[in-house]
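Below is one structure; the comments refer to it alone.
Read from first to last, the chains carry the letters A, B, C and D; within each, the first residue is number 1.
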Amino acid sequence: MTPSTGDRLLSVVRDGVRIHDLGRRLFVGMPQSPNHPAYWHTLPRRHGDRVRADGGSAANDMVVMGTHVGTHIDALAHVSQDGLLHGGADAAAAGAGGVYPEHGVHTIAPMVRRGVLLDIPAVLGETCPPGHEITPADLEAAQKRQGTPVGAGDVVLIRSGWGRHFENPDHRVYRGEESGVPGVGEAGARWLAERRAHAAGADTIAFERLAPGAGHSRLPAHRVLLVESGIYIIETLALDELAAAGVHEFTFVLAPLPLFGATGSPVRPLAVVSDTLVPDTVVSCRGGAGIGGTDG
Amino acid sequence: MTPSTGDRLLSVVRDGVRIHDLGRRLFVGMPQSPNHPAYWHTLPRRHGDRVRADGGSAANDMVVMGTHVGTHIDALAHVSQDGLLHGGADAAAAGAGGVYPEHGVHTIAPMVRRGVLLDIPAVLGETCPPGHEITPADLEAAQKRQGTPVGAGDVVLIRSGWGRHFENPDHRVYRGEESGVPGVGEAGARWLAERRAHAAGADTIAFERLAPGAGHSRLPAHRVLLVESGIYIIETLALDELAAAGVHEFTFVLAPLPLFGATGSPVRPLAVVSDTLVPDTVVSCRGGAGIGGTDG
Amino acid sequence: MTPSTGDRLLSVVRDGVRIHDLGRRLFVGMPQSPNHPAYWHTLPRRHGDRVRADGGSAANDMVVMGTHVGTHIDALAHVSQDGLLHGGADAAAAGAGGVYPEHGVHTIAPMVRRGVLLDIPAVLGETCPPGHEITPADLEAAQKRQGTPVGAGDVVLIRSGWGRHFENPDHRVYRGEESGVPGVGEAGARWLAERRAHAAGADTIAFERLAPGAGHSRLPAHRVLLVESGIYIIETLALDELAAAGVHEFTFVLAPLPLFGATGSPVRPLAVVSDTLVPDTVVSCRGGAGIGGTDG
Amino acid sequence: MTPSTGDRLLSVVRDGVRIHDLGRRLFVGMPQSPNHPAYWHTLPRRHGDRVRADGGSAANDMVVMGTHVGTHIDALAHVSQDGLLHGGADAAAAGAGGVYPEHGVHTIAPMVRRGVLLDIPAVLGETCPPGHEITPADLEAAQKRQGTPVGAGDVVLIRSGWGRHFENPDHRVYRGEESGVPGVGEAGARWLAERRAHAAGADTIAFERLAPGAGHSRLPAHRVLLVESGIYIIETLALDELAAAGVHEFTFVLAPLPLFGATGSPVRPLAVVSDTLVPDTVVSCRGGAGIGGTDG
């Protein structure tokens, strides 16, 4: 019934794509930074609370959260240095009124662009140790090993392996305040900026390397990327399954919620690749949440 | 620097795509149904509140909202009929514990599939009047006029023209409780179900036709789609610019936030088409929020 | 079994007191100012959601609200004039960090003091018309008629009769933005300040007179009381039953929630009087919510 | 100026009362049970965000919280046993609709009644050790030592000394999940019920004894008091300063927020005693938050 399409993109999609879901499920009690309001979900109305005369009933939700919870993106409004935001705007004045009209997350255009996964454990031969700084040499080695050099406008996802701690019921492990957390430092951030990445992500809460016991006292990669370079940061990504599938280059899709004036947004990014073995079938790699239909 | 890609999808993307942003901006005071907790955003921390020793500062957010606010998707958990959810599950039992583990919005797989816009005003010769029921004949006429028949697995977006009221400061106009709101009724919903649509959307809050003064006393399209057919519903879409661009067939991209056990999620859907006139450029049609970069 | 007490206050209490409840019930959908986040209550956990092995179960709540909702008190942090708070503090600097440590509602000492109800309708012979300014002459006439002159340190509650609109399902009636709302103006506020009242309250949302259609464009009584005089303001009081009982002088009891750094708090103020006809019985005048026990 | 009063209660109040503030300050990051949504406060609007033409400006708040946070009271709706609430109501049916109309915190009448502090450390010679069960013998010894036998209708506050941990930045200490927490067990609860107490409170989160490492797996005192006896429970009280002042009998004042249908409410209870040494002066014992004025 459905005709062939004249659109090249849709034609390729209909030949079959595989979707890798890079977003963590949001649930009450998940690990997150204590600097941000905790994610909470509740049902004000459940089925049966109010049944209409025709037998219909609706359930609904209330959600409370910071925006830097779950898998999320940092807008340029999130970080300032010496009182200035990216581009030199006065950070205090930019937020007068309780919103950032010029630098908020609603200003981030939806992304459909090349994404590159840099799989650092594949280079190191082990998951990055706590507090390990991922160096430019590590990044170079990863892109060389994979044959996927980073280019201007790309979204670069850096896998440290730390994501394996996300489901640890002791949230201090994933947050890693005491142990330290692996990630890029100032040098790695500069490497990304020099390549003119569009956005950069990681499988940790803070994106960047945290020294053991140091907490968030210094965040040089945020400064280099957000403030100096205007490069967005994506945190708490689920990257292990993408790495296990051996997918290092893909179409990266991300549409932040356009929360007017906010400093960030929870997101559900996708890595999409052609897969003619599963024609017109959407398949994701993240368990129950991501199994698509086969309605072709 | 960036090499040619071996992935067909990415290759087409890099040749140039145009992104149409179908999501409404979320802001305090926007129109929404009073049945759901109002969207509210505030900044617990602004720049300057706490400045680190190195001159860095972070701002952050708190968001409170229902999930059926802004542009949003209804999960199967949202509506029951005679005590049952889609598939026959007991609706009360399914939500025991305050979450819907089997029917919640986290079970909706990310969508990268064919989307069809059915532009009803283009058929009627005017925007749909308040309370107008969009009939199967209207839907047939639209797909015929456009040359875009709906197929199994497609996402069908039905434009009534009502979205022009979204920014009216008197929210009662867009909600239309007194005037009525145009949309499909039971017959139109069956038409969609017979074609095995994957999801259906509209540019109104309630998706379906509301008779003048009747409010939400009857919601037959929700019953037919969500309960009887397992077809997701997307509401409060921004469709006017897509229609103005004459785009009736596209790759529809949607990744609901995986809010565990929730009955819905705010979303930012995209309609993406190839556009070799703007090689490797991401362009969206929704004003400031959607202007992409040109980093080729 | 219980011995006589050596404490004079307790001895009088045990001889019998009558409690008049001056606080409005808080419920989802109640009228409030749209400037403040709406009150919302939901049950994250209901009985049966999780039953312990011993058969016990707990239900709990989530509440979201502004603090100027329901019956509430304004802290000195709430209002500034020309950039200054009461006492001359710089208003912007006082709230740096997202809290008002020196002027927040946590700094309001609990009140157990003389309260005076000034019943203006009893003087006017009718409930105050919309937009009526309650003048110093009205206040003088009321205290004279009642034989209850206002003294230094008193809490003065001014009844306009507007509280009868609180339960009107059309919230615009009680808010009165179009009709105007009765209350004191600048002159009435000065009258209160000259008498060195400790706090002043009314049965309206805004406390002071709102001219028809003028909204909150000018709030001179807030300036005189909060900024110039350090006198707290209590709004949305339930005063009709107190007036009907003919109680014009009483022990006023108020304990704001010590919300650190907040600009206000919902409260439940009490007017307590001796009543030896009901020995050791606590009786309140606000219907179901206030019926006390008789356990003497 | 102010005349003598004809009301006995007010007359005694004007002779001088001392107010002891028993409520903990609520602040972001305070210790609370992880079963309840965390208290969060933020300023949507700060001074300067919107300045009216006349130079006036208002700041306001958003508060999100569970109701069993800070010093709070449990309504009868909070706990069920074998599917039943106090009085035998079906617990699931009682909350259909998302509120408890018959058992919610709005049904708790404001309290102005005899209060008794039972100072257990004064009997034991030391603060109660972690996991110590306060026995009927302990309670008897305390009331005997103090000369303040508990009578019907009294509010009984049981001090364990555990409140000293409230301000420990490691919240696990005050919560005491690993160490255990002192409090009454089933026997102590029965002792209170036999005396027909109106309400019972403690300086811990859970009120009752928690065995080391046992968490909230069994809560027999909640069952005996709330379900079997209809006796309210007040938790997280600040009792150390009351004990230090040697006040064991007082007028207890408590007015829970009338949150319709909720299972509890944060509260700020007061213990008030006559004090002719400070005529007409309100003095509280909780530091800056409780210093009253002297305007007599």
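Here is the rule we go by: contacts are C-beta pairs under 8 Å (C-beta built on N, C-alpha and C of every residue); 3 or more make two chains touch, one makes a residue touch a chain.
Heads up on the chains, UniProt names are A, B, C, D = Cyclase family protein.
Please read all numbers here as calculations on a predicted model, not as lab measurements.
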| item | value |
| --- | --- |
| Far-end chain from subunit C, centres as C-alpha averages | A |
| Copies subunit C and subunit B - interface residue numbers shared by over half, same or different | same |
| Separation of subunit A from subunit B, taking each centre as the mean of its C-alpha atoms, in whole Å | 22 |
| Inter-chain centre distance, subunit B versus subunit C - centres from mean C-alpha coordinates, in Å | 43 |
| Intercentroid distance (Cα basis), subunit D paired with subunit B, Å | 47 |
| Residues of subunit B engaged with two or more neighbouring chains | 28, 37, 40-46, 48, 62, 64, 98 |
| For the subunit A and subunit D complex, residues of the former touching the latter | 29, 34, 37-38, 40, 42-46, 48-50, 64, 96-98 |
| Of subunit D, residues touching subunit B in the complex | 28, 40-44, 46, 62, 64 |
| Complex contact set, residues of subunit D against subunit C | 1-3, 5-10, 12-15, 17, 19, 21, 23-28, 35-37, 41-48, 52-68, 70, 77-83, 85, 91-92, 94-95, 98-100, 106-107, 109-114, 147-154, 195-196, 198, 217-219, 222-223, 249-251, 253, 255-264, 266-270, 272-274, 280, 282, 284, 288-293, 295-296 |
